[in-house]
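The letters A, B, C and D name the chains in turn, as written, and every chain counts its residues from 1.
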Amino acid sequence: MEFQTKIGKSTRDQIFVHGYDLTEDLIGKITLADMAFLGAMHRKPTENESKMLNALLVAICEHGYTPSSISTRLTYLGAPESVQSAVAAGLLGAGTVYLGAMEYVAEMLQDAFQKYGEERVLQEIASLVINERQESGKQLPGFGHPVHKPEDPRTTRLFAIAEELGFNGKNSQLLKEIHRQICEKKGKTITLNAVGAIGAIMADMGIDYRVVKSFAVAARAVGLVAHIVEEVEVGRKESFGQQLFDYIEEHTDYRG
Amino acid sequence: MEFQTKIGKSTRDQIFVHGYDLTEDLIGKITLADMAFLGAMHRKPTENESKMLNALLVAICEHGYTPSSISTRLTYLGAPESVQSAVAAGLLGAGTVYLGAMEYVAEMLQDAFQKYGEERVLQEIASLVINERQESGKQLPGFGHPVHKPEDPRTTRLFAIAEELGFNGKNSQLLKEIHRQICEKKGKTITLNAVGAIGAIMADMGIDYRVVKSFAVAARAVGLVAHIVEEVEVGRKESFGQQLFDYIEEHTDYRG
Amino acid sequence: MEFQTKIGKSTRDQIFVHGYDLTEDLIGKITLADMAFLGAMHRKPTENESKMLNALLVAICEHGYTPSSISTRLTYLGAPESVQSAVAAGLLGAGTVYLGAMEYVAEMLQDAFQKYGEERVLQEIASLVINERQESGKQLPGFGHPVHKPEDPRTTRLFAIAEELGFNGKNSQLLKEIHRQICEKKGKTITLNAVGAIGAIMADMGIDYRVVKSFAVAARAVGLVAHIVEEVEVGRKESFGQQLFDYIEEHTDYRG
Amino acid sequence: MEFQTKIGKSTRDQIFVHGYDLTEDLIGKITLADMAFLGAMHRKPTENESKMLNALLVAICEHGYTPSSISTRLTYLGAPESVQSAVAAGLLGAGTVYLGAMEYVAEMLQDAFQKYGEERVLQEIASLVINERQESGKQLPGFGHPVHKPEDPRTTRLFAIAEELGFNGKNSQLLKEIHRQICEKKGKTITLNAVGAIGAIMADMGIDYRVVKSFAVAARAVGLVAHIVEEVEVGRKESFGQQLFDYIEEHTDYRG
């Protein structure tokens, strides 16, 4: 049997990653986020691509206390010898509910251009997408936010950076047009959330929608470092995990 | 009950992370890796710190086919709808065997200075550390490599960058001195591996040894993106996961 | 805040689980599998229910080398100090591809009776279900097997036990009728696989389709014990994980 | 390459597990827990072994709200489509802190007999073990409990069942003697906890200490089913996960 990969190999004194010499071409020359780009696109990003990608992943990597980061802290409480388990537990909650929309937005936009052609005016395509969703009863992904209303500050910032760096492509423009039409229809401003914006900009960077979410998962892993650090720093007894567990024990009503 | 955190909070139109305004101070201004630094040190890295950290994490993030990345691909085979599970499965193998040394090196060095004082000459401290380990029968972490002999190309490169950027501190110097003495004792050059070098340099950057490994785990999550992408690109039937599974099925001798 | 649960509480000298006294009513009186039943149905199983459930879970818990058990072994290779990680990694591959069908079968059957009523003859309902799937292009879950053709020996055995213990209810009967009609249509015998049979019998036991898969996941965790044991017994060097990793390293063609 | 295993193989119409025909010898004839025994001991348990093992695993499988089951519920909140992730997240907290003692007790007892011989009177061996631990500053595992003082009701029950079924062997007797001496030394009754009792009884059943914990992990997976069921039954909005998350959001003091 012969397995194949484009990813990497090692010799006695060299390591190759996607065709690049790791020590000569990559270490000290590209950022951590660029390694994910390299994995997805099989080439190093340009300077602008690197800036854009880092901006997107910085935007998505930290959210304070979330079901994910709480699971990380509770897992650390029981298995402090195994920080990888704490990170893994935190990632497992990144399912369809919170992060899925990033993928669904990229898919919706990439599908729309494939289905309706690229020649039509965006206004028309946006309208077709909205109608299609309405008819099939499927939700439009990328809209709404429990806290950031009517504007998600990350969306504004990310679209501004995308504009500046040359990534305000057709996908972002289509998503903005869909947003415009929905707000018009509803007669009020609905939030175009950060997850939606990121899905659109990643689509404009040429990243396949099936891969988009794995970038977000990796960024979350980076964000979870801070949560482990905070548990380590305050010490077991004062840790969030321990305090939360104690609180729940004392405030549970058993109805068996 | 009132929980506390320094990590983050959101208001209607602002998000704060470690005291910084996410959209004003962080998005578009720092790299993804810097978010882990921010989490561990509670401040943004300097330009040199950012460069150093990115170099370290780029060095550790990808290793081609490893038990970790193989688990990621096999998990993706069974649960392609859940890329976070594939990444998590890949992280779970990052236990004591492969990545642990990074933490152990940082701990050994930070402990040595605490125990033996910082005034002694490094030569003496190195000798004390080696003897102590020998007496207790504990292994010296950070040495040896199955492929890269007698030099790990990443070690050379990372120490050169550390020198250039001003991070060739006492921890790296002590590790190098321990290395010199061991090679002298054994009469041959033992590899000072990348994991060891990274542990020492992170110690010189001021990062607590208990936290060092979580950086590596996060970097691995970034590296695993490429493995998911490759499975997606070649398609299920031709995927590494499927081919490996088929091969094992055909080549298993049952001795029940 | 007051959290609620029916599951369990402890006092100084008693532990209650679902209304039962753990030491008086459960320990030594019910089997491990019955604890899952208790969790799902909020009462202890009858003797026949216990026998049926144990039979179902014994049937599903072990499959030799699978992507799941291989991931468990590879994870153990890197993190032998953390067997829970090895088990968790093995569970993560239990996604839509291999185990999903159990849930889909139970859902299909429970939905069919809800939609088409319970008064119609099974022949008619089966035909409606098949047509509905055909029209919407959705696959019929529970059929086909790569090895066991044209009969899955577990299916035969499980349906016989169900018959004997009084669980050959409407769901199993409907699935068998669907099977009969498909085979007739195709002019050859298609395998009704074990996962399908289990889904139907669990539906006949009154277990909600949304919960069915978690039983299988728990059974898999039990099955993974054997794989960790085998790695422990043969020792690291001769372990499957190490040998597999070595083989892959030597047989990889790098096309970067 | 030829991989080996004693665990299982399939032919067209038969499945073998550890030398037994799955459909003829196992399904309908043994309990789920027995499959773990079969994996560890390579033979079916006797009737008494099966009763004992089921009693042990029933005792350990459910604990109400714990860091583990809370992580399961929080993970389900974010990824309801992936119950295996919820179970896996719950297992990852089963590290050294809560479950480790089971393994440590079995190891301590098995080591003691190997080191001090089996001929000495238990009183003497117990005293040697206690002194050894005291000198090396290592904790004695299996003692103490936050709630169950001075007696853990599960311990009493499990030792009674072990007595009745013929498993009150040297390991259990040594642990009880250690317990007696400690209480004497301290002048008060310290709890001999369930995890300790289970470690001793499993040692008396002949199960290797390195494998003991994987049984507990599997039992926990069974216990987590109930927690997923409860989240499913009350529905997303009223789920524990959602309510906990909301509560934390409203009660967090940001000190950035």
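Criterion: a residue touches a chain if its C-beta (ideal position, glycine included) is under 8 Å from a C-beta of that chain, and two chains touch if they have at least 3 such contacts.
Every value quoted in this text rests on a predicted model; they were computed, and no experiment measured them.
Under the touch definition stated at the top, subunit A and subunit B share these contacting partners: C, D. Counting every residue number used by either copy at the subunit B-subunit C contact, over half are found in both chains. On a Cα centroid basis, the chain most remote from subunit D in this structure is A.
Set side by side, the interfaces A-C and C-D show unequal numbers of C-beta pairs in contact, with more at C-D. Each chain gets a centre from the mean of its Cα atoms; for subunit A and subunit C, those two points are 32 Å apart.
Centre-to-centre separation between subunit B and subunit C, using Cα means, comes to 37 Å. Rounded to whole angstrom, the centroid-to-centroid distance between subunit C and subunit D, based on C-alpha atoms, equals 22 Å. Touching two or more other chains at once are residues 1, 3-9, 17-18, 64-65, 79, 81-82, 84-86, 88-89, 92-95, 99, 244, 248, 252, 254 of subunit B. Taken chain by chain, the contacts link every pair, so each chain touches all the others. Touching subunit A in their complex are the following residues of subunit B: 1, 3-15, 17-18, 22-23, 26-28, 30-36, 38-40, 51, 54-55, 57-59, 61-65, 82-89, 91-95, 99, 147-149, 151, 153-154, 156-158, 161, 208, 210-211, 213-215, 217-230, 232, 240, 243-244, 247.
Remark: subunit D residues 1, 64-68, 70-71, 74-75, 77-82, 85-86, 88-89, 92-99, 241, 244-245, 248-249, 252, 254 touch subunit A in the complex. Per the touch definition, subunit D reaches subunit B in the complex via residues 1-9, 16-19, 79, 81-82, 84-85, 88, 92, 248, 251-256.
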